[in-house]
Amino acid sequence: MIIVMQTGVQEKEIQQVVTRLEEVGLGVHLSKGEFRTIIGAIGDEKIVRAMGLEALSFVEKVLPITQPFKLVSREFQDENSVFTVGDCTIGGDQVVLMAGPCAVESEEQLLEAAVGVKAAGAQILRGGAFKPRTSPYAFGGLEEEGLKMLARVREKTGMPIVTEVMDQHTVGLVSEYADIVQVGTRNMQNFYMLRELGKLNKPILLKRGLSATIEEWLMAAEYIMSGGNHQVILCERGIRTFETYTRNTLDLSAVPVVKHLTHLPIIVDPSHGTGSWRWVPAMSRAAVAAGADGVMIEVHPHPEKALCDGAQSLTIEKFTNVCHQLEQVAAVFGKHIKKVTV
Amino acid sequence: MIIVMQTGVQEKEIQQVVTRLEEVGLGVHLSKGEFRTIIGAIGDEKIVRAMGLEALSFVEKVLPITQPFKLVSREFQDENSVFTVGDCTIGGDQVVLMAGPCAVESEEQLLEAAVGVKAAGAQILRGGAFKPRTSPYAFGGLEEEGLKMLARVREKTGMPIVTEVMDQHTVGLVSEYADIVQVGTRNMQNFYMLRELGKLNKPILLKRGLSATIEEWLMAAEYIMSGGNHQVILCERGIRTFETYTRNTLDLSAVPVVKHLTHLPIIVDPSHGTGSWRWVPAMSRAAVAAGADGVMIEVHPHPEKALCDGAQSLTIEKFTNVCHQLEQVAAVFGKHIKKVTV
Amino acid sequence: MIIVMQTGVQEKEIQQVVTRLEEVGLGVHLSKGEFRTIIGAIGDEKIVRAMGLEALSFVEKVLPITQPFKLVSREFQDENSVFTVGDCTIGGDQVVLMAGPCAVESEEQLLEAAVGVKAAGAQILRGGAFKPRTSPYAFGGLEEEGLKMLARVREKTGMPIVTEVMDQHTVGLVSEYADIVQVGTRNMQNFYMLRELGKLNKPILLKRGLSATIEEWLMAAEYIMSGGNHQVILCERGIRTFETYTRNTLDLSAVPVVKHLTHLPIIVDPSHGTGSWRWVPAMSRAAVAAGADGVMIEVHPHPEKALCDGAQSLTIEKFTNVCHQLEQVAAVFGKHIKKVTV
Amino acid sequence: MIIVMQTGVQEKEIQQVVTRLEEVGLGVHLSKGEFRTIIGAIGDEKIVRAMGLEALSFVEKVLPITQPFKLVSREFQDENSVFTVGDCTIGGDQVVLMAGPCAVESEEQLLEAAVGVKAAGAQILRGGAFKPRTSPYAFGGLEEEGLKMLARVREKTGMPIVTEVMDQHTVGLVSEYADIVQVGTRNMQNFYMLRELGKLNKPILLKRGLSATIEEWLMAAEYIMSGGNHQVILCERGIRTFETYTRNTLDLSAVPVVKHLTHLPIIVDPSHGTGSWRWVPAMSRAAVAAGADGVMIEVHPHPEKALCDGAQSLTIEKFTNVCHQLEQVAAVFGKHIKKVTV
């Protein structure tokens, strides 16, 4: 940590900071430049972060040197984490396709979607039973009934399922059914829920918060990992900006940045990331070309009748075309999309 | 709702939309302009929102005409809502000052803060017992023990307390102690918790989400109100932008906009809104001048020893100065700060 | 244009709007719904935009139906525009690589860069002679001397050059030397300069403004085209968001959106878009996979000695690797990178 | 400057950085912590900024310690700058009101506006002769004819005028007529124009760029001052965010931040800052309460007939009310609005 003092700081003020740092066992490195006195605090930055030195009027700013995350970082583990779900692996040389409807509406709808996306090349079925909705008057999901439908469709198709949990007290319920438990964008900083997920022994798909920095996102992953569950899959799904042609701005640079900083797999959700089926094929291809370990795409057999997010859902036909393209893009990078043959 | 069709749309495609609208009981108003065919859907917009018409390739966009919120709007209730908390009223001709430490650290610290802010002019004591923290390694609050300290300090000082709830399952616990239950920025869209708060008969202080639009914020209030609890106090606390000199960008224009759209009171939190004690006095004055019904300010007897957010906390002395200024600004608008005399 | 009236609007207020619309020759379509009266104005939306109807207190909002741009739109021209520069074409089935140093520093540096990027596969040489710099104390470019170096290196290597113009009064000078005239992000709305560029008969590379919406960007292109020069190449180069790991957030969704709305070619600049050489290879691949007609990459023979933006420049070796990957990604979409063989 | 090295950096890589710093005459302070080696560079930070050390793969990041601006900073000049325009002073104990139409449309319109705003309490007349417009089809201003009208109305009313310049080559022309030369938001980084303005001996009103950080804005002021003209008035006018209820988000925290960092006066433009006349009164009051040295407000005798930005213009009557309120708010802070009595 570097503590930058105000210009005109007095000797006793410098000493006050030095003494506080030494009291908590940190090494101190004092440097008086032409314009500024700066104090380097050597040791655990967590201690300095908690000290609130910016509250002192003669301290101008406190600059961190190291990252605030540990377990997620490449410094903790250099080689890529690879997790196994059903027949496929995430984080290695496969590109994983997760697809399915935004919300589970009925078993028929879900099965039709599952059969369609599986034939097209998807390995994992997505579908929401608990739906966070901006309006209290909108369809909120079938809840446990939806989870049961997911389980029955898994049995019929052999596809593992990924579905969202919205609350720490339903973590137990959702994880009974789900193969991958999804944390939605609005819950990325639901810290009690993250702690609960840290006790599971199952992959967690952690969506980036709508306006979360990459650092905050990785700190959310750190919450889960610090609880003991190291199976975290990150999912970029668009951030909020001023642009309105797309619902969000899909931040694909997050892919190489995350790959550089962490050992965790990262997938991309171009459906929520753009908000319209029109932009999904292009952004799916771009995600894979940027190095993502997979994509998660909303597919509905009849998007114009969907109870939720029909505007951003692909038809099964359009999704099939996307799969063909992704296969070829993956091949450029020595990756492949595993054929499911049950 | 206005449905704008793509250029070159065919007659049968127009008919398909018209038929679907009529099937759900909506009136239809067709208008063929030089460049575009547009279809007006007359009736409840909630129905159209749920139809997913954008999923049709020949629909260009769907434009809402009315606001998606009802109960919070001035159309539902024209006169200002005024809520009573302890001796004071919020939403009328008083400017209410809520002050206290970010986190409850100990009964001594809390009492010292309470006595200080009360003497300076604050009516309501703030203090967090449950603290959402970006890092799993940071101080997370004293939880129920903290709530008890708040209750004891209320008894000693007569100040009503506002404190945060982080989870629908602790709504009961927190509301036992709190006079105003606070929803933090990260939980503004924790919809299950909002529904639970809708069952209370107590004012809810609803902070704006870090990147929530005003519309989404009002929809969160609508959740609470649609559950039966009409006592919602909105709290602007800064939005996320590219500027880094301040931690967030305090969006004071939200004050007149909210006053125009809704009948609910709105207060401003300049401490989180700016992230540094340096900018709090100026922005407190600006908030009151913009028409806010109150401000919520972090005050710590010893900010440089705070376990949380010391950098943005005022000392009691600085807060006292701010109170004097706010009194004068309030007077300009025919408002006043109620003297507490217990 | 749809004019939405306030609730409780009076008949004479509605008439006032209707009369004003009819006075300027527009058709009027009145619709009184349960909650709102709306007035459709039929005819040229430019006229309504200029009327300032929002200034009337009984008008709630004015919603545009059509796009404000004409010449750039697919409605004006459906097939893709393809421009020829030197040996290659932009906007068709080639992926064009523009590469070179941020700033022209010396003829030696420029020639070394040009020879290197040409061997790697680039068709067009970039290099700035006029450099907009945030600080008045930073290197501002070699100006006309730099243009002459560009011309001499073009002669030696056969590579067409793209270089930036910063001012309408140097449009003449720059266009004497440049094969493509570049408009930088800070000048996207330098309207006098855009008008001047509209008089040229040369391709213009129009970078997106740092916080320009896609609509504003296309309106800037409309400025150039309305002056008579229809050769506009759009260039996405990152927008400003809250994320700080990357200098800007490269908005790749702009590629499919622009392709949908306009007939103009679009290329991507991942160097400015991300601000670090580390993220350039991944984002170049993603750009091509998203459907971009080319990429523009900063390459410096010795980035650590660059006078400008060394941090985001690739070495020639790294650029060569990127070219190999781009070739393969292009092939997936039936595109190719033209081999230059002079 | 602090250079943070990658983990696992080698001794010879550290030496390479140390040697380069020493070669350019900087002092070096080496500190090897448990997790990171950091190198402090002591001396002029401008030199380090220009070195591009981030281009080295073993350098993680380069952190500045001092501000990049000099002449604008309180370190260069501690006491507030106060400039005289006509009868009033800007930056001292007056709150200055600049008001008038967005665009000069005719001498009648301008005179009517001027007489009205002067009677209400404004000291300075605003009005645009050169208008930057997003659309090439919109009214672009009367240009020199407009400047002449401004001069004639100044003669008739005694009010000094502030008007915008859009190009370095018209700086001479505009400054012949204007008492204060305005730089619009789109030209904040038109560096050639800034240099030209640096040669004038007249106050410059420098609007903040739509997405400019405070630091970039102050660097633009530094451009003007480094050319010799120290009379720079900063003007906050809203930044671009995701919120759409207001056209921009007026960043009032910029007022105390700018006052802390610089000695320059700062005024606020709530008309462009919010985009609607509805929010202008509240935000004007808030601006003065936050400590602004003045406000700039668009006033039109007949907003609903304005050729430009009618939606955000106050009528003379509404402006008169605002003036009364601002007078009282100013008085709270020991400031006053100078009565003009010609």
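Letters are used for the chains, namely A, B, C and D, taken in the order the chains are written, and counting of residues starts over at 1 for each.
Everything that follows uses one rule, which is that a residue touches a chain if its C-beta (ideal position, glycine included) is under 8 Å from a C-beta of that chain, and two chains touch if they have at least 3 such contacts.
Keep in mind the model is a prediction, meaning the values are calculated, not measured.
Among the other chains, the CA centroid farthest from that of subunit D is the one of A.
Subunit B and subunit C, compared by their mean Cα positions, are separated by 39 Å.
Chain geometry summary: the mean Cα position of subunit A and that of subunit C are 31 Å apart. Averaging C-alpha coordinates per chain places the centre of subunit A 27 Å away from that of subunit B. For subunit C, residues touching at least two other chains, in rising order: 211, 240-242, 244. Chain contact topology: the protein chains form a complete graph, every chain touching every other one. Against subunit C, the residues of subunit B that register as touching in their complex are 2, 4, 7, 27, 29, 31, 33-36, 38, 40, 42-43, 63, 65-66, 75, 240-242, 244.
Interface residues of subunit D facing subunit B in the complex, by the touch rule stated above, are 211, 213-215, 239, 241-246, 249-257, 260, 273-274, 278-279, 281-283, 285-291, 325, 328-329, 332-333. Across the complex, subunit B is touched by residues 46, 49-56, 68, 132-140, 166-169, 186-187, 189-192, 194-195, 210-211, 216, 219, 222-223, 226-227, 240, 276-277, 303-307, 309-311, 313 of subunit A.
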